[in-house]
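As written, the chain order gives the labels A, B, C, D and E, with residue 1 at the start of each chain.
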Amino acid sequence: MIDLLLALTLPLVALGVLLARELFRAVVMFIAFGLLMALVWVRLQAPDLALAEAAIGAGLTGVLLLDALGHLRQPHPPGQPLRSLLPLLTILALVLAGALGLVLLGALLEPLQPSVNLPAEVALHIEASGVAHPVTAVLLAFRAWDTLLEVAVILVAVVVGLALRFSHDDAAAESRVSSPLLQGMLSWLLPLMLLVALYLLWIGSYRSGGAFQAAAVMAAMLVLLRLSGQQLPGQNHPLLLRAGLVGGLGTFLLLGSVQLLQGGAFLAWPEQLAGAFILLVETALTFSLALLLYALFEASPAPARKGHPPRTGDQPS
Amino acid sequence: MMLIDLLRALLLLSGALFFLVGTLGILRFPDTPSRIHALTKVDNLGLGLIVLGLLPGVEHWPVAIKMILIWLLAIAASALAGHLVVRVCREFRPSNAGEQQDD
Amino acid sequence: MNTFLPYTLAGGALVILGLTGFILHRHLIRRLLAFNLTGSGCFLVMTGLAQQGQGVDAVPQALVLTGIVVAVSATALALVLIRRWYHLTGLTGLPEDIEPELQQGDNPAEGKTQGAPH
Amino acid sequence: MTQVLWISTLLLLLALLLGLWRIWAGPGRADRMLAAQLFGTTGVGLLLLLAELMQQPALRDVALVLALLAIMATVAFVARTQPADHHSEQDHDAD
Amino acid sequence: MLSWLTEGPSLLPWLVILPLLWSILSLTAGQRLQPLIATTAVGLILLATLLVLLQWLQRGDHFYSLGDWAVPLGIRLRLDGLALLLLLLTSGITSVCTLHAGRYLQEYPRAKTYFWPLLAFCWAAMNVIWLSADLFNLYVGLELLGFSAVGLVALTGEKKALAASLRYLYAALLGSLAWLLGVALIYGHQGQLDISSLALTFTDSISGQAALALMTLGLLLKMAAFPLHSWLPPAHASALPPVSALLSGLVAKAAFYILVRLWLEMAPDNLTFSAAQLLGALGAAAVFWGGWMACRQQQLKMLVAYSTVAQLGYLLLLFPLTTGTGEEATRLAWEGGWLQLTSHALAKAAMFLAAGNLVLAMGRPDLPGLHGAGRYLPFSLLGFGLAGVSLMGLPPSGGFMAKWLLLQSALLSGQWWWILVLLSGSALSAVYIFKVYQQCYVESDNPDRFRQPALVLDLSALALALLALALGILSAWPQWLISTALPGGAA
């Protein structure tokens, strides 16, 4: 009953996101969609994903979108192009959607005959992985290679953001909230967020939680700090900040190479110390990912003030 | 035992009903300030009742503390949200009245 | 296991809706929203389908966690580019009407900015 | 007891759907934002109920995270989405 | 030494670790240390590639289990002749691009800071993809590659580059989603992700077909196959020349490489005659359309970029020519296809570098700007011309050898229609390359507007062009390397 209701609501909300006439409405609907997804992950017995979705989907992505929306407010030339092609595109899209729908329906309803029982494999080897929580074991032991590369993916996004950042003078012009009530609340909310992040990090080795969820909460803390107009400690030390950004990837590479340098495999953890190594990697990842996620928000170019057109980058000298 | 169960059921159901009524409240009230009122008062009461109803069922006290903390957080959040949004309404009433279309 | 089936199907529906939106919308942020919806649909299919077959499975859950982080990176990256683009041109969509194929020679926008004399 | 939990969950889900309608209907931006806020609180309640119902203590952590981050969207809305040419007025506001 | 090569640990992970380390160092180190870091990193990666080659010669194809976890639980890297070919190609071309960029970027101080880490990430991503044997790992690799490539395109922050990179990003994202959905279907139905293991169990089911179709669509979008190609020319044309060279030469090939692995290795029985013909037809359409559009361009780099669309089309002929065509024709097509990829990678990288040099020298990006280049910039033009020889498929270039093999295969299998495609495609490329030449030999009355590019810029273009040319004469070794990876193990 709950499942049916939720599963029906999801496409409806998606439709709402896509059909909303005002962009702001679409974005708020999307934030609600993120929250619904968190509930869906709960029903799919995936609390780790629910945690991630609650922190990233309903939290960070929403802030990113709202923040971007604020910068896109000036009226732009009406009558977006492509009117001539629109009917053609509509037909194309509908045909594609129809075909995809049929194919998917067929594929999703086909009886499943997995040739391998991977959950059983996970259960069999979890003892050797060094952690007790299966999702963490997959992320940091069995498929640590994916996780390593994924950290690199975030880093790339941040680097591109840094590369396209406008000059610092423009950044001062952005708006922020200054309300005594907010300041008062943040003074206990922010430490609490830090505490919860550390709790999630710690608990990840035997229950749902882990580096990503912890990092998302920590990043949310930094974003709130920024939105309320406060300076980040260490904000004016670019080198320190850079070191923080690459620290997670660096630690992961370094610890992953410990066995490699002794003739073992890359990303193999030392037998007795697997749990400690994973915790170490996760801790480094938490802090570094938090900075990275925060930088995704922070690195986006600030709006230019009136009369100061943004620099358009390099011109060959 | 029966009495406690009955009490819990009562608390849970009334909490859920409060949520429903609160949401209906924002649906029905005519202007934003009164809708904010409905939001901050009713849904926190609803969540409070639900937390109260669930508390006797938990085995460990840290869990109970966590649940009360969640409730407090929710109260603080919606109070703050109401406060901030009211401020925005006061400042931008003219621009807030109508919807702009972004595309 | 049947409790997972509705979500798998909902995932399929999300993919289709998102894809249609991605093709039909011109506003870059709307297309980004559509991309995120499609992504969520894919994640649902991945988890739902796998768990229909074998019960709760940590592997697709871990994969989806990776996917969520990649998706948020993609969103942030796109927003950076969109903002920069908006500040340079005041446009929220791509200049689709000047597709190079439809033009004699090359992108006229290029001609304008580069001022290439013929 | 389980039935009561189920019924409460369903009622909350119903409230959630109503909230969704509220976000869709608006009419103003502030209303949408508030409705989203309420949506979050409802989600927290739902998660607490589901934690009991599904015997999954981890869901309380989800509820905790959701409650912690509930304020973010509203703050971002107030700080950033409001008309960009108004920041000066926003800064010296006292309550 | 020899025993270490045969028995020592495989060096495969270093091919990804080293570029990642490079990017970390270049992000934290100051501006003055960058050349030193870049030189050291490139040197070490080249060394690692070379050692991997030696190891492969000693021990043949092998797998490397990351973290010592066996499949299906873990992820493994796979090294065979094909992966080795692409590793070597990547190391060679990227090193030359690095050399070129080191000089070229002196004019772009702002872009320079973030160019090196992005380049290193791009290199890491390519090596991940060449070595990966896991469907989901390929997804992460594709995203890493796509993001860093988009970042490289956007680096100058100019209008044109931003529009191009946005379009590129959206195409890449859509392609990845299609791939991801395919992976989801396969995982749900098969319960594993390792390509080689899946090859044993892949069944002819609706879900299997749907997954293959979705993944193919995503990859076709990512490799800019014919109707889905419109993102490529602006992206490749508006980037900085070393970036264009990297993108056209290597990055665009990643999706094709995965496509081949997917169809010919994971699900060879699912590739029906008509599906293969369809892929070939898309390739043929790209050859014609890309060639035709290249002929119509007025901007030098756009012309070269459309030529990439056309040349990528040839690669798709691999599918019809290896499907049900008999052993000899399959072998010829296999070697021809990969040789085409190799020679195009070298020639197109050379051509973009040379085109960048020409534009730099002339100070304007359009074709009439080339007037007088024949007299005043012979050296820059030589690189362009030699690369053009290979693209046209004239002997003795690698392009000739590749097309010759494909031609033979088409003849042998009786699929004569591909011969028409090959011949007319070459004719079209001759037209657009001669169009450039024609402009270069129009006399210019004003020699002062030329600025001689630095020697290292011209030399790097020339080196790659010469390699492309020499590939035709020295094709025996690469051909042998390719043939060892022939699906079905006919070699």
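Here is the rule we go by: a residue touches a chain if its C-beta (ideal position, glycine included) is under 8 Å from a C-beta of that chain, and two chains touch if they have at least 3 such contacts.
Bear in mind the structure is a predicted one, so any value in this text is a computation, not a measurement.
**Q** So which chains count as neighbours of both chain A and chain E?
**A** Common neighbours, chain A/chain E: C.
**Q** From the centre of chain D, which chain's CA centre is farthest?
**A** Greatest centre separation from chain D goes to chain E.
**Q** Which of the two pairs, A-B or A-C, is linked by more C-beta contacts?
**A** The comparison resolves to A-C.
**Q** Find the geometric centre of each of chain A and chain C from their Cα atoms only, then give the gap between the two centres in Å, rounded to an integer.
**A** The mean C-alpha positions of chain A and chain C differ by 15 Å.
**Q** Cα centroid separation between chain A and chain D, in whole Å?
**A** Distance between chain centres: 19 Å.
**Q** Chain C to chain E: how many Å between their CA centres?
**A** 24
**Q** Between chain B and chain C, what is the gap in Å from one C-alpha centre to the other?
**A** Roughly 34 Å separates the two chain centres.
**Q** For chain E, give me the residues that contact two or more of the other chains.
**A** 136, 140, 143, 147, 150-151, 154, 157-159, 185, 188-189, 191
**Q** Show the residues in chain C shared as contacts by 2 or more other chains, in ascending order.
**A** Residue numbers touching two or more other chains: 15, 26-27, 30, 43, 45, 48-49, 52-54, 59, 63, 66, 70, 73-74, 77, 81-82, 84, 88, 92, 95.
**Q** Which chain B residues reach two or more other chains?
**A** Where chain B meets two or more other chains at a single residue, that happens at 73, 76, 80, 83-84, 87, 99, 102-103.
**Q** Along chain A, where are the residues that touch chain E in the complex?
**A** 103-104, 106-108, 110, 112-118, 121-122, 125, 141-146, 149-150, 152-153, 155-157, 159-160, 162-164, 239, 242-243, 245-246, 249-250, 253, 257, 260, 263-269, 311-314, 316-317
**Q** Quick one: which bits of chain A touch chain C in the complex? Just the residue numbers, please.
**A** Chain A residues touching chain C: 3-4, 6-8, 10-11, 14-15, 17-18, 23, 26-27, 30, 33, 37, 40-41, 43-46, 48-49, 52-53, 56-57, 60-61, 64-65, 68-69, 71-72, 74, 76-77, 80-82, 85-86, 89-90, 92-94, 96-97, 100-101, 104-105, 108, 112, 114, 117-119, 122, 134-135, 137-139, 142-143, 146-147, 150, 153-154, 156-157, 160-161, 164, 166, 212, 293, 296-297, 299-301, 303-304, 310, 312.
**Q** Help me check something: in the complex, which residues belonging to chain A touch chain B?
**A** Of all residues in chain A, those touching chain B are 21-24, 72, 80, 177, 179, 181-182, 185, 189, 192.
**Q** Enumerate the contact residues on chain B facing chain A in the complex.
**A** So the residues of chain B in touch with chain A come to 73, 76, 80, 83-84, 87, 99-103.
**Q** Give the list of chain D residues in touch with chain A in this complex.
**A** For chain D paired with chain A, touching residues are 9-10, 13, 16-17, 19-20, 23-24, 26, 29, 32-33, 35-36, 39-40, 43, 46-47, 50, 54, 56-59, 61-62, 64-66, 68-69, 71-73, 75-84, 86-87, 90-95.
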